[in-house]
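Labels run A, B, C and D following the written order; every chain starts at residue 1.
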Amino acid sequence: MKEFAYFPGCSLEKMASSYHMSAMETTQKLGVKLNELDDWNCCGATTYFYIDELLAYTLCARNLAIAEKTGLDVVAPCSACYKNMFFTAAHLKKDEDLAEHVNFALEEDNLHFSGNVKVKHLIEVFAQDIGPDELKSKVTKPLEGIRIAPYYGCQIIRPQKEKEDVEQPQFFEELISAIGATPINYPLKMRCCGGSLIISSRTAALTMVRNLLQSAVDNQAAVIATACPMCQVNLEVYQQQVNLEFGTNFSVPVMYFTQLIGMALGIPNKKLGIGKEFVAMAPTPLAVETAWGLPRKTK
Amino acid sequence: MDKKDEKEKIGVYVCHCGTNIAGVINVEEVSTWAAENLKDQGVVISREYKFMCSSLGQELIQKDIKELGLTRVVVAACSPHLHEKTFRNACKGAGLNPYLCELVSIREQDSWVHTDKVAATEKAKAIISGGVSRVVYHEALEPLHVPIHPATLVVGGGIAGIQAALEIADAGFPVYLVEREPSIGGHMAQFDKTFPTLDCSACILTPKMVDAGNHPNITLLTYSEVEKVDGYVGSFVATIRKRARSLREADCTGCGICWEKCPKKVVDDVFEAGMGNRKAIYVPFPQAVPKYPVIDRVNCTYYIKGTCKACEKFCPTNCIDFAQQDEILTVEVGNVILATGWDLFDTRRITQYGYGRLPNVFTSLEFERMSNSAGPTGGNVVLRDGKTEPKVVGIVHCVGSRDKNYNEYCSSICCMQSLKFAHLVKEKTGAEVYNFYIDIRTPAKGYEEFYHRLLEEGTHFIRGKVAEISDATRLPSEEGKLVIQVEDTLTGNQLRVPVDMAILSAGLEPRHDSKALAKLFGISCSADGWLIERHPKLDPIATMTDGIYIAGCVQGPKDIPASVAQGAAAAARVMGKIQQKEIALEPVRATIHEEQCSGCRICNNLCPFNAILFHEDRMVSEVNPALCQGCGTCVAGCPAGAITGTGFSNEQILSQINGLLLLNVPKKQAVAA
Amino acid sequence: MTDKPETKFEPVIIGFTCNWCSYRAADMAGTARMKYAPNVRLTRLMCSGRLDPTFVFKAFAGGADAVLVSGCHPGDCHYINQNYKAMRRFHLMKRVLVQMGIEPGRLKLLWASAAEGAMFAREVNSFVEEVRALGPLNWNSNHVHTADHVMSVVAEGHEHEAEVAA
Amino acid sequence: MTDTITFGQEISNLLHAAEGEPLKTCIQCGTCSGTCPVAGYMDNSPRQIIALINLGKKEQVLESNTFWYCASCYHCTVRCPQEINITELMYALKRYSIWKNRYKEGLIGPTFSEAFVKMIVRGGRSFEPVLATSYIFSFNTREFVQEIQGATELLLKGRLPLLPARIKRLENFRRMIGRIIPMGGLE
């Protein structure tokens, strides 16, 4: 059994609790153990870096140091948390001076970070550690016929870490294929959802959400799959506001990839937090109805 | 270090170089100091003079050599890269072996880079002391003389190679022209028009190809590759694999019945850039030289399934030979010209430009084939469906060039190529054409005028590197089109330009195997894969290995006129060498003292030029002086100290270090320094 | 050393340059009249691959406070790849220096192309400052101050190299 | 060599893990701006900001809304042909303008960021309802109503916390921050 330290991040406590629930359920079913970090703190999203770089590194380093104590690699389900932790770890490893400053502060909480933690995004655990083949073998209720738009968003793959493909990655598609659904190819899968601009620059962000939804709908997506709570909220919760703002009529369900995997693994909806969303996933194809345990409609 | 028994008579000459040296260094003081303090080393005379390199300065040295019987000379002046030859010749003129003269630099490395006059003067003393200590251990040397074989090997049958081969052959010397593909012609044979004059490429190239094919002095070896090169300037021996064409050339008339009858169609990725098909037995294009086809054994039905033989059945001269074997030839040549050309940047690497994903994105080579009237679309500019003419075309510059994510260098031909494309598209279809560029570079004769012509033709020029090309349409006007997303940096506007066709003006890259080529011929190759010339300005076609020259794009991206000029220039250099009949080589070489050699063979692997031979019978290694380039790595690596490097011996260097540290100077003065 | 405490320590540095790149970089610095500290005295070799570790130890034994080894950038060697051999020897020499009680910071490796005069000047300056900070080479008195001793250590270096080459 | 530090050097110094002045290597190709999903809303495109910094036009840069519109999507950064980390540059400019207390009027970004950081410094974790007060009152009526509607629905779906979450070792945590920023600076 593979084991990871798990940093849920603030959003997963309430706003994205369904992501947390489905992450725990699916990983358990696939033989991966996630141990929540003891007394973690907020990663700071992007805002720490606006105010004070050193503070930002220190707060991320606290979580990394807690993870290091467990001797496990740490997994973050939120893209922003992941990016912050990944690059904090990378910078601290490279920059001794920075590490010294940060560790001086960490002493106050009896912590020390020596740079020996690998940071992974939750979707990397599915794509690399579990792998699409293994996932496929565990699927009991394949989501046949459902057209899913994989939405990568920004900070899972950008900025570039090594030489991976940052423009047309395929791992999300492979996971969707593994659960029997059809991944759709749409041009905006790598574009930004607006992130925190939804607060500071509303019109800009709503336009970005609109473009994304439009691109998915144009390519007949039945549902958009995300791997980040921020993206999920922007694409889903703000859908109504997009409709009001632009006179559109979007009603696209936006689900966490773990929820979709959970369905295919036969985990009951309730355990996956399904029911908390604004736009319910329309059970159109018959296969889904069976998968969800819904009564078949007779035509 | 034991001193030599007989004391040398050394003359020291310190140059003022006007005020270049004397302005910072107290030349008189240095000169007097040397005369007094380096006496023990053998200094018998020390002089200073305004300009040592002038004829008067040289005569001063020559006079001392004759009158005082100097056996060694140290000149303290400028860099040896500037005047070493001058002073060596001066010594030679006075009857002293030129290699007994040492030039030490007190200008570039002292007076020009320091401001503290005292410190600079002290440093000059140390430098001269180093030179004096070193020169004691110099030996009289004679340059090596090697005869030159009159034949030349030209590798690569593109325009640069053809030009080089023709020049040499016309001068009456034999040439072996080796080409990997079944026909010579190279990339130029694929083009339609050439910029800026819009000459038809085939019209100007074909006569040259025919000349090369028929020339009595040229041995054409197509479908062949060089596998091994031994020897050195004057007498290289190249091993060439002549791949089996699967037919007897002597009997073949090139009638073309075989490829007409061949039932197997293959996508032609090489000549047609994937835009068209050929047969399994084929000539790459109608004007191919030589005219004989080859059987592509990977795709031929007979080689796959064992049946078919349609070509053999229909061949009127019965020349097909399925059992033919590769031939291995060895040829002896005096010089080599490498002209292996370039590969097109793989535009798939820039995924945001959509090549391979979005059908109506084309590469530059694809467009060349498309606009060529002998090409797969008969010269019609059409979309991937093969029939629709585009109404709007976007041409993207700098694809894969000027970008640290791919290649940092400018590919130099893409601007002009893009302008040519813009003209051809407009001429053939009347479409609106957009050029997306970062800078327009037109630095050759007639190029800027061509750009002006394009401006007058009404081509749109947008200054901005294209961010992405996608099918993400938003507005009705974008429906069914490709959208080019770019900032017009001149106005700061964000543009979404809908086009029917996008052409990626891809950059030039070194051949994928250029590093292997460099290794094969023992020359150096830059980190990005272009072969390195001896000097970037003054010797762009020679390499650091004597007798090996480079021409055309193998040295770096360049256009047709420049490739032709380099081909001709390389030929001229080779002919000059051949005319000399023999050449003199700098005697900076390593030699192994057999009695000290333990036969450990460490040096064998250290040598980059394979100049060290191991004699199994005597269990000792030996340096081939004609192959040795004198780098000295083996000298430093020999655990037994059995190797001496002429001109840079351990004694010379160690003694120079002592000198530089003023260990050879009486203690009192050394402390003052 | 005791007479004038206010005088700055002026280290003596022996520099090894290759004929094709770093010596020309030094020439270039000169032609462009770039100024740098006069503490470096250069020796020319045909290639950094010629650098016998003996030279470096000889320089230290002879009173140099530091040694600069320079050559063409990796990949740009005029003798194809001999600078990589210099690089390997450089790392071995560093190890040997430590064994001999010499601060490894007294040996510096610098890749300089013929066009990098400015960089050469800058790097020489910073190296001089680094060595100044280290102070005069104060060889541990336990170590015998003779070339013989140095040679025995060098031989050890060669053995290492033989391993690497094999 | 000048004695005074240029605006460009000042900004380069704020870029972590950058050597020298990367902005000087900008070839003004416009890849960043062409890529940027928000460039249309910025008064100067990212490319223009770099040009302005290189020109030393500090006032014009600080008056610009460009960096407050950056969504941190890093798309420009992965595409820049000169490998300039433009997103980090935007962070640096945000920090610079907050330190200098100079930013374009009417921007929500700076206020929100400060509120966010204060909240974390107090409790160690994020709490959306408090956060909302930092920006919601700057919205116009229509936006305000929409935002409240959205929040109410979130609350009904059980997706908004009623009480702020706090970390356990809060005292240690605050002392830790004290070693980075003297308390009172942000509190």
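Methods note: contacts are C-beta pairs under 8 Å (C-beta built on N, C-alpha and C of every residue); 3 or more make two chains touch, one makes a residue touch a chain.
On a predicted model such as this, the values are computed, not experimentally measured, just so you know.
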Minimum number of chain-to-chain contact steps, subunit C to subunit D: 2
Winner on C-beta contact pairs when B-D is weighed against A-B: B-D
Whole-Å gap between the CA centroids of subunit B and subunit D: 49
Distance between the centres, which are taken as Cα means, of subunit C and subunit A, whole angstrom: 53
Centroid distance [mean C-alpha coordinates] between subunit C and subunit B, Å: 31
Multi-partner residues of subunit A (each touching 2 or more other chains): 167
Shared-contact residues (touching 2 or more other chains) in subunit C: none
Subunit D, residues touching no fewer than two other chains: 40
Pairs of chains in contact (touch as defined earlier), listed by label: A-B, A-D, B-C, B-D
Subunit A partner contacts - residues on subunit D that touch it in the complex: 14, 16-17, 37-38, 40-41, 68-69, 71-75, 77-78, 85, 87, 91, 94-95, 98, 107-110, 112-114, 116-117, 120, 124-126, 128, 135, 139, 143, 146, 149-150, 153-154, 157-161, 165, 167-169, 172-173, 175-181, 186
Complex contact set, residues of subunit B against subunit D: 352, 398, 402-405, 438, 463-468, 485-489, 492, 494-495
Contact footprint of subunit D on subunit A as seen in their complex: 10-11, 13-17, 39-42, 44-55, 58-59, 62, 91, 94-95, 98, 101, 104-110, 154-155, 158-160, 166-167, 190-192, 194-197, 199-205, 208, 237-238, 240-241, 244, 276-278
Residues of subunit B defined as touching subunit A within the complex: 350-352, 357, 470-474
In the complex with subunit B, residue positions of subunit A that touch it: 165, 167-168, 186-188, 211, 214-215, 218
